[in-house]
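The next part holds the structures, each set out as structure tokens.
What follows is chain A paired twice: with chain B in the first complex and chain C in the second.
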Partner chain A sequence: MEILSREIKPEDAASPVDQLVKLTVRDLEKLPPPYDKPGMEPELTDPKPEWKEKYATDLDGYIAIDLPWKPKNKEEEERLIKSFLNGLNKLLTKEGNWTFLQPLLLSLEYCAKCQTCSNACPIYIMSGKQEVYKPTWRAEILRRIWKKYCTPAGKIFGKFVSGDIELNAKTLMRLAESAYRCTLCRRCTQTCPIGVDNGLISHEIRKLFSQEMGIAPKALHELGTVQHLKVGSSTGLTPDGVKDIIEFIEDDIEDKIGKRIKIPVDEKGADILLIHNAGEFLSWPENPAAFAILFEEAGISWTLSSEQVAYDAVNYGVWYDDLQLARIAAKHAEIANKLEVNKIVVGECGHAHKAITVIADRVLHDDIWIPRESCMPILWEIVKKEKINFDPEKNNFPVTLHDPCNMVRLMGVVEPQRKILRKLAPQFREMEPHGVYNYCCGGGSGFAIMQSMNFPEWRNAVATRMKFKQVLEAFKDCLDPSINKYICAPCSNCKGAIRDMLSYYQASERLSIYYGGLVELMVNAMVDLEEPFVEWEFH
Partner chain B sequence: MPISALMALSYAAFAIFVIVVASKWVKWSSMPMHLRWELYPVPHEAGRNQYGGSYIEEVDYWKKPRETTLAGELKDMFSEMLFIKRVYEYKRPLWWLTYPFHAGIYLILAWFFLLFVHGILSVYISIPVLAKVVYYLIQICGTIGIIAATLGCIGLIIRRFSDKDMLNYTAGVEIFNLFFILIVLLTGIATWITYDPNFQHAMEFMKALVAFNSAYLPKLTTIAEVHVILLCLLWIYIPFTKMSHFIGKYFTFHKVLWDDELNVPGSKVEAKVRELTRLPMPWSAPHVDTGKSWDENALENPKDEWGRWKY
Partner chain C sequence: MPVLEVKGKKLTLDEDGFLQDWEEWDEEVAEALAKDTRFSPQPIELTEDHWVLIRYLREYFLKYGVAPPVRMLVKHMKKTLGKEKGTLEYIYKLFPQGPAKDACRIAGLPKPTGCV
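Here is the complex of A and B:
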């Protein structure tokens, strides 16, 4: 396998070599003790030879876009390039991209290439500063193509203005894959003195490929938004299925707290339509259970929906496709209005928070407008107004908080969850940095659910590495495995990424580090509960 | 006396600069409203900007009056404009070069303004005390400005060539821009040292411009003439390039990263959303109904042969 053996530049996206980089564990940034010793993490593997025939392994050997879209001949390559340029032109029009035209053009136009943003990127840093993961690398490729093909200056003055770039199939495969080496956490944007948003450029690259060519990871599109709209949930959960699970959750609640709670489903006229990430029903049913206990005990008027789409808060469109985003957001709002609720409240799911509350704020109008809000302020009100009796001593174990980027940096819901933890978790400690300057869990922008081929290996070894480092540092005074430790991650996708991270580094077995949501901790602290709600087992 | 060629060039440079900057401003201002894409901390969030919180931290936030702080926004804006705060915080070694460069340019702009005021005071209104103050300010701003900007510019050029992280991403035009500025600054220094140590001739030049009368023009040396010509060309050139990022920066922060305006029924935002979602979708992927509007695509829910949503 031929790999580029010199420093990589943006124009190398077009290089004919098989792969631009090959990662090894030794290249990666070191982890804190006890993971600073050799053998504490698995070696990285090569892509299977047969994958290279159909899939784009040309960037780093990893495959995010699990579609066989590699051109087989010159004709297919030319078609791909033409299609890409068509898409790029649409991305620059009001009709095609009113949704992000101004932010995109500002970011294409004004980057000073000062690289101030690079060190803000956890993936770039933890990869051992691999050039292809630098926020500016993929952005610069798109910027050069845009300059060269879409601006008068680029057409007249060529390379002098646009910089060196050749547009071939390799360039496009690497560009598309590299857009899936960025979690869209937008930490880079926070540091830019001009306000240029290289994270947005990743988003727009993804969108171009999806909206023009139908090229997107299956987990996001085919099994994600399409399945969500067709079947009811990106998990494949059907309306009947969710009703069954809700019954199971009611049984489970009864077992745990000795009291049966009737979870309201499709109750017209309730104050709140609570929408969970459907992954919670399947992987962490204790989370919707905890919500049900808290809302019932606090006397809140609420309901779940069993209607297709509305029992799953996720909206994967937010990561790669504006139309799919709009379809799902509209459906959520439409069903909530049909139920005549006063508002939608999003459960513990970060991207669903941002999608319906913030991004879709300029999608919903007239009949499909409805108020939407985060569950965090409501949960804090339950604690603040003492609607339930809590005993913090029940949570007397080390707890740290992971800030989901979508909920915190991208929509400013920062304090309610911390206020709850300060009140109910005596050993709460912050990760550093935290709040709006947090690091992504590594599962952002769809990575947590992209389980195809070798992508999970890259996610665990590179994308979640910074989060794992932060977790180890947050618990450095209590790494002793006899002490159970809790990462509070109030987001389903973050939990998914953290679950896989703990499994990859065997951190639950080795160090007794576990994870869960916020509501589980709240219920665990309820005075009325005889048995602990938090179960110290890895799942 | 009629105006001279250099005066005409100066007027033209200024006019072109203003017109192109204004047209760029109009271009960015008239772009369609985009989806919300704010990034926290948003400095106008009263009481929450310190930690990056938003009004969404409140239950029923859409019913409550917004509490914003102009002071918070101005503080962030000026600390970025005047001190380049983000580079200071996140890339200190570069700040030591870029800050003198930018601060020097600000001082040179202040110097131009003071020359203009001095010209007005010389031609139209006589306030000797103020003229004296302005005279000394011209000495201070001009001297510090040109030295700081030149040192910063040289530093930025050296850094651009020595730092591969920057060089590998730099197009020829960006190098050209830096050298263009440097040449203007160096000819300015040469003029200052050899011909106009007290900026007396610069003041006379501006007086001629303000009076539209070439009788006030000083006799320029060749280097001074070259400097004025290059400076005028730079004024004309800047707004066409990304050196005009002072325009973009307003929009990136105020209209994108800090734009958290809420859409509520009956609002202007809602009217814009209604208008924009009527636009036809040009995209070609299989899940798009090309040519149908965004609303039709999002709301009509095309069904497949099993009666299930197709997309």
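Here is the complex of A and C:
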């Protein structure tokens, strides 16, 4: 297979080679002990030959966009380029981009190419500094296309305006795939001395390909937002299904705590409509169970909804498509209003937090406007006001906290969750860095749910690598497998990524590192519970 | 797309080995899926215990459109096969790549989607 074996520049995006880069484990940044020895992690594989014919493997051999969109001939290539330029022009107008036009233009105009952002990017660093993963690499490709094809000066003077770029099918396939080598964690944005938002550029590239060209990973679009709006949840869960699982959770709570709790569903006039990520019902039902126990014991007036869309807090639109984002946010608000609740509270789901509380402000007009909040301050209130009796000794094992980017860096919900842990987990230790300077779990922006073909391999080996390093360092004093350790990750998407990370590196078997949410730890510390709530089992 | 031949019929799979059309599934298809080493390192010999799980997955899917929570699977196994076999560990013993990648695939369910 032909690759480029020299330093890769933005103009190389158009190169006719099969793949720009090919990764091996030896290229990647080293992990701390015991993962510093060879053979501790799987080797990286080549894409199957038959994939290369249909899918865009041209960047690094990995496939995020699992649609067969590789053009087969010159006409298809031309059509692709034309539709891309159409989309780009729309992205640069107020009518076509009512959400992010201004920050996009500022970011395209002003990059000083100082690379401060690259050094803040966990993917670039942990990949062993691969040029193609630099936040500036994809931004520069878009910038050059924009200048050359969409500005008057560029149309006349071409490459002399700002470096050349050839626009062919390879350029577009690599640009689109590279927008899915960024988790939109926006650590780069946080560190840029002049406020350029390279995370937003990844987002806008994804948006252009989705909104204009119908090109997006199936897990996000077809099986994501489309399924969410049509069936009720991106998991495929139906209203009957969610009711069945809620009943199952009630049984499970009774088995565990010896007391039956009636979980309120569709209760009109409750104070709070609590919306969970529906993944919790299917993969981590102990999380909604723990919420139910805490809210019941603390005497909170709340309800879940069993209406389509409203039992799934996710809004994958936030990652790739503003139109889908708006549709889902409006539906959430509409159902909350119909239930006559005072506010929507989002459970442990990071991107849902940002979608409904922050971005939806641009969508929710007067008749459907409703207050929206994070669950974190409510949970802290329960501990602070001693609404429930807790015994921290029940949580006397090593705990570290993962900060979901959307909730923490991008929304500023930093303290309540750690205040809870400082009170209820005697062996709580921070990862470094943490809080608003945290690193992404590697599953951000939809990566945790993109399970097609070889993408999970890339995610586990490269995108989650920094998180795995942080986890090993946080627990370096207690790596002994006889000690159970808990990564507290208050976000379903992050939990999914961390689950896959622990499995890929076999860290539960080798080191007894487990993971779970925040509310599970709270319930585990409840004085009234005879048996521990946290189960030390990989799931 | 990969193809699976059963009784002279060609069934389309997705790139990860899941049946494209869940309605094409029957027990012989399950046997063929279990033996397909393109998507699992080893062929799986289906025993009665495997079938207990496959049938449960299938019934739940037909009723609710999704695979049940793993916790529910474990409870069902406990109820049907006894305490010893009612564990996640045993499910992994039956289906080495786990409930999603192996059990759902062999039961002809679509690949799980969403934050699961």
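Here is the rule we go by: the second predicted complex is superposed on the first by the 539 of 539 C-alpha atoms of A that agree within 3 Å, B and C clash if a C-alpha of one lies under 4 Å from a C-alpha of the other, contacts with A are read in each partner's own complex, and residues count from 1 in each chain.
The working rule: a contact is a pair of C-beta atoms (placed from the backbone, for glycine too) under 8 Å apart; a residue touches a chain by one contact, two chains touch by 3 or more.
It should be emphasised that the depicted structure is a prediction, and the values quoted were computed from it without experimental measurement.
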Three-chain arrangement built on chain A, chain B and chain C clash or fit: fit
Touching partner for A:285 - first (chain B), second (chain C), both, neither: second
Contacts of A:86 with chain B and chain C, given as first, second, both or neither: first
Touching partner for A:452 - first (chain B), second (chain C), both, neither: second
Partner chain in contact with A:32 - chain B first, chain C second, else both or neither: neither
Touched partner set for A:95, first chain B, second chain C, both or neither: first
Contacts of A:71 with chain B and chain C, given as first, second, both or neither: neither
Once both complexes are placed on the shared chain, angle at chain A toward chain B and chain C, C-alpha, multiple of 10 degrees: 160
Comparison of chain B and chain C by chain A residues contacted: B
Shortest CA-CA distance in Å separating chain B from chain C in the superposed model: 15
Chain B and chain C footprints on chain A, overlapping residues: 231
Residues on chain B engaged by chain A in the complex (per definition of touch): 28, 31-42, 45, 48, 51-62, 80, 84-87, 89-91, 94, 98, 163-166, 168-174, 176, 242, 245, 248-249, 251-253, 255-257, 260, 262-265, 269-270, 272-274, 276-277, 279-288, 294, 297-299, 301, 304, 308-311
Residue ranges of chain C in contact with chain A within the complex: 15-16, 63-72, 88, 110-116
Complex contact set, residues of chain A against chain C: 51, 66, 219, 223-224, 227, 231, 233-238, 240-241, 244-245, 248, 252, 277-279, 281-283, 285-286, 312, 314, 349, 448-449, 451-453, 492-493, 496, 537-539
Footprint of chain B on chain A - complex, ascending: 7, 9-10, 83, 86-87, 90, 93-96, 98-103, 105-107, 109-120, 136, 140, 144, 147, 157, 159-163, 186, 189-197, 200, 210-214, 221, 225-226, 229-231, 321-324, 326-327, 330-331, 334, 343, 357-366, 368-369, 371, 373-374, 376-378, 381, 408-416, 435-437
